[in-house]
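Some structures are shown below for you to check.
Across the two complexes that follow, chain A remains constant while its partner is chain B and subsequently chain C.
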Partner chain A sequence: MTWVEELDPRTKLAWCLCLILSALLSNVVMVEVGILILVIATDCFFSRDLKSYRILLPVILVVASQILIIQLLFCREGVPLWQWGVISVYSGATPAAALGISRTAAVTFAAVQFMTRTPAMDVALMLVSWRIPYRYAMLTIVAKRFLPLMQREYRAISESQSIRGIPTDGIKDKIKSLPLALMPLLFRAVRRTSDIALSMELKGYGRSNQRTFEKQLCLKNREKIGMLLLFSVFIAANFI
Partner chain B sequence: MNDSVRLNIESLTFPPETADVLKNIDLTVARGDFIAITGDAASGKSMLLHSITGAAVEFFNGELQGTVRVMGHDVADIPLTRMCDHVGYMMQEPQNQIVNITVADEVAFGVANMNLSLNEIKKRTSASLRFVGLDGFEGRSTDGLSGGQAQRAVLAGVLAMETPLLILDQPTAELDEKGKQELFARLKYLNKEKGVTVVMVMDRATDILAYSNRILIMGGGEIIEECSPDEYRKRLCAKSTPRLSPAKKPAGSTNIELRDVSFTYDDGFVGCENIDISINEGDFAGIVGINGSGKTTLIKLMEGLLKPESGSIEVFNTPLIKKNLSALRSRIGFLFQNPDLQIFATTVKDEVAFTLKMRKLPAEDIREKVQGILTEVGLASYADVHPQRLSRSQRQKLAVASILVGDPDIIIADEPTSGLDENQSILIMDLLADFHRKGKTVVLVTHDLPLARSYTTRIVAMHEHRVAVDIPTEETFSHGSALKRIGLDFQREELANDLG
Partner chain C sequence: MNKKFFRTDTKALVGSIILGIVFLIASQASGFIDNLLPTGKAGMYLINGTVWASFTALIVLLYKQPAGLIAAEVEAFTSVFYSPLWVAFIFANAVGSLAVSFVAARYSMEKWSHHILAMFFCNVLGNAIAGVGLVTIFQLPVSVAIVETLITIAVAWPLSTIVTKLVYDSIKNSGLAR
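Up next is the complex of A and B:
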């Protein structure tokens, strides 16, 4: 476990919220880009693992292209630059798109940083410390465990279908074959859900209102000081 | 009070269905019993276990006429979440029961729900992990466990709850022979030394005869017979059928050839190392080996699902590269361990017709071929049924039918009989044997050594990601010691079967 993962989840949440709120409050592209760089730099420095962002990148690119198209089509700020029939492109479209894209990227990366650097059990403990019943809090663990399992299952289904002649090589083929893969995935998911629910109940899940957790959350003094500093910087940067 | 369980069930139904899933059950399980329950598919074995756990009524919404008492308490009065005071339950697929991210959290899950002290939880967790041979695995991710390790982690979690009664539903389906024997030895210890009562559904009761004291045989929702292990052995001896001799054929041309092939997964796990093997036309090759020895990686390489890191693969003398894949795959059928991964159509006939439709055959030809193949595998009467309404063995047959209809030259099958009982396994294996008798090639991955010996013409034994032994099947006993060294005791398994 890395040093960052050992931090209290509340510290990590405070960091994540400060970054996200800063990104949402700012209207300057450079600030958004700065937040994005800060997220990547901290991950590079502390864990040297950027795999989760690599996976995220294509999604961000797709979203970015959508934002750009929408701004080019509908933004009416600035002066008209180009017109073709009813379609007009204004000078304000590109800066607005840049702000939208950089803000989306900053918010997404900050959220992903929190999710990937916080063990699911810590998130559950944090929710329990906020008096959310453990029956619901622990669902974060179940979700974190089963999402990769379903991803693997989807891959296995795709493999079996590609063997039977369904093309699944390119993105276009993958999208076309998705409905065929969904049916077995759905049946497997339903079966798995039933199995896990039964197994959990037979292991006493929900037996009483309280449950012993193997780990206790403890906010260290240096983390408290760190959070105080963080909030001070956040307020100074955004409101003063 | 010496009874662990007292079952008196007139009927168990699941409305709106009116058919009895269980009926006329009168069974007493004494403390210290080790009971093996066997029977045909859909004979009610698993539901009998769930009538004991209380899940039949409380979880599956069944209607039960009769009474079920566990440790002197009426099950109807015990909430499902409190059943863990009396019963530890483990089912077939371990990955479907694991909730937590780390092994330690998983083992502690049940005891933590019992709200015990942290010290007690830690004590029980480490004792259970030691007992199942997983000490040192505390911080390991449950996601990266092999089938056998996952099964042991689940067992450790159940044992940590220290229940007087263990209920196990086909717990060895994903284990190799070594894993099975280890699990049985642990259960035997708990049963003999700790007095834990064990009730276990087994697809193959012969595996457990040496450990159990009572055998229940179920059929049509009833216990049709109860006997001692000795009586069960005698009965099986009397009705045992001669094994099918594999067709002997001279080696034909090479169908699949791997030259110095190695493969490592992204996470650094070695799949195969320096594999040199040729599969010839007319071979019925049985690929055997303990869990994690590289069997599945090998067949995935043969099918082009994995790309070798070094070395070369040729199929029908054509390099197995991306541009040749679809042409080569039309000549190879791949049968997965779990049929549900490959079934996606909404009717049985559409599932079988899929390959033919992809080949753009005329509708009349498709209809004829589908009808023919469904008749051959015994599913003609289910042509319009949704595949998910079929039993597991019927779904496996459907998967075989969908492959056979494409008239492949080779079938590669990955544990096609896993989770099936003896009779169901024979049905599936006979279909593969019929295919082989037509002069075609079969590559079979299996844990079941007697089955491999019965049906194959060649045994390829994998060990530590390499081919360790590659011999004609009739020479397995003369290479017994070499095979035994890599955890494959054909003689012992054969003996266990012959005892049966």
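Up next is the complex of A and C:
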């Protein structure tokens, strides 16, 4: 377990919220880029693992192209730079697109950092510490357990549909095949719910109002000081 | 009203998580298709919007609240990995789910008109919040975001109503959701 994973989840949440709110409140591209660099730098420094961001790159590239196209087509700020028929490109389009892309990336990377560096059990314990009944708090662990299982099930259904001869090459075929894969998954999920709920109840889930956990959350003094410093910097940077 | 609005048994809680994951997979798959379409390239996720509204309503109809909210938030928080609008989804999903709950608590949800009303509120409120996300996160001009939101509502409302009614009836008839 890395040093970051041993941190209290509330400290990580405070860090994540400060970064996201700063990204949303700022209108300066350099601040957004700074937040992005800060997220990557902290991950490089503390865990040296950037695998989780690799899957985000195609998403960010698609969104970046969308924002750029929309800003070039519809932004009407600044002076006209180029005109062709009804389409005109204004000088304000590129800065607006740059801000949109950098803000999107900063917000997404900060959230992914929190989600990948916080174990589901810690999230459940954090919710319990906020007086949320354990019957609800423990659902984060159920979600973490069943996400890969359901994804595997969806892939198996999609593959079995294509083996049966359902085409999935063009966009039209992809749209047509969507309900054919999703409906069996939905029915399986509803059926599986009954089985899982029954087995959980038989093991005593929800029988008593309290339950004990192997791990206990404890905010260390250095984490409290760190959070205080973090909030001070956040308020100074955004509101003063 | 209380019995029609709330359901807190283990089956409803587990169902919220499992269907929340199915909701996530469906949103991912439909978002991928939308990105291939010209409307998706312009920021209008029409198929994704339809799937979103249908699943939001289905989960509420099957398991009520707080299952609807839990499933909606599972989808919103996990969508970090495929949609930068996840911040807007946190609020949009919650509001959409609650809108369906209020209609479902008042009506039997056996007629088409009940579903039309529920999906109207779900689509309008949810897409309005997603529209705010388009302006604040994507930095889209307000006029473009309004037009995109209206087009998404116009397409997703009728389609999601049909999908929700047909799928909900088929699940009820199958006897899986007693």
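One rule holds in what follows: the second predicted complex is superposed on the first by the 195 of 240 C-alpha atoms of A that agree within 3 Å, B and C clash if a C-alpha of one lies under 4 Å from a C-alpha of the other, contacts with A are read in each partner's own complex, and residues count from 1 in each chain.
Heads up, the rule we're going with is that contacts are C-beta pairs under 8 Å (C-beta built on N, C-alpha and C of every residue); 3 or more make two chains touch, one makes a residue touch a chain.
These numbers were taken from a predicted model, which means no experiment stands behind them.
Touch criterion met: A:Met115 reaches chain C, while chain B stays clear of it. Once the two complexes are laid over each other on the shared chain, residue contacts for A:Gln161 go to chain B alone; chain C is not touched. Residue contacts after overlaying the shared chain place A:Ile60 against chain C, while chain B stays out of touching range. Using the contact criterion defined above for the overlaid structures, shared-chain residue A:Gly204 touches chain B, although it does not reach chain C.
In the superposition on chain A, no contact is made by A:Arg10 with either chain B or chain C. After overlaying the two complexes on the shared chain, residue contacts for A:Ala181 are found with chain B and with chain C alike. Common to the chain B-facing and chain C-facing surfaces of chain A are residues 142, 181, 183, 187, 191-192, 196-198, 200-201, 205-206. Within the complex formed with chain B, the residues of chain A that make contact are 119-121, 138, 141-142, 144-145, 148-149, 153, 156-157, 159-167, 169, 180-181, 183-184, 187-188, 191-192, 195-208, 210-214. Contact residues of chain C toward chain A in the complex are 8-11, 13-22, 24-26, 29-30, 33, 35-37, 41-43, 47, 51, 58, 62, 66, 70, 74, 77-78, 80-84, 86-87, 136-141, 143-144, 167, 171, 174, 176-177. On the chain A side of its complex with chain C, the touching residues are 20, 24, 55-56, 59-60, 62-63, 65-67, 69-71, 74-76, 96-97, 99-100, 103-105, 107-108, 111-112, 115, 135-136, 139, 142-143, 146-147, 150-151, 154, 171, 174-175, 178, 181-183, 185-187, 189-194, 196-198, 200-201, 205-206.
Chain contact summary for the complex, chain B toward chain A: residues 53, 55, 59, 79-84, 87, 89, 91, 93, 95-102, 104-105, 108-118, 121-122, 142-143, 157-158, 161, 303, 305, 322, 326, 329-330, 332, 334, 336, 340-344, 346, 354-355, 358-359, 388, 402.
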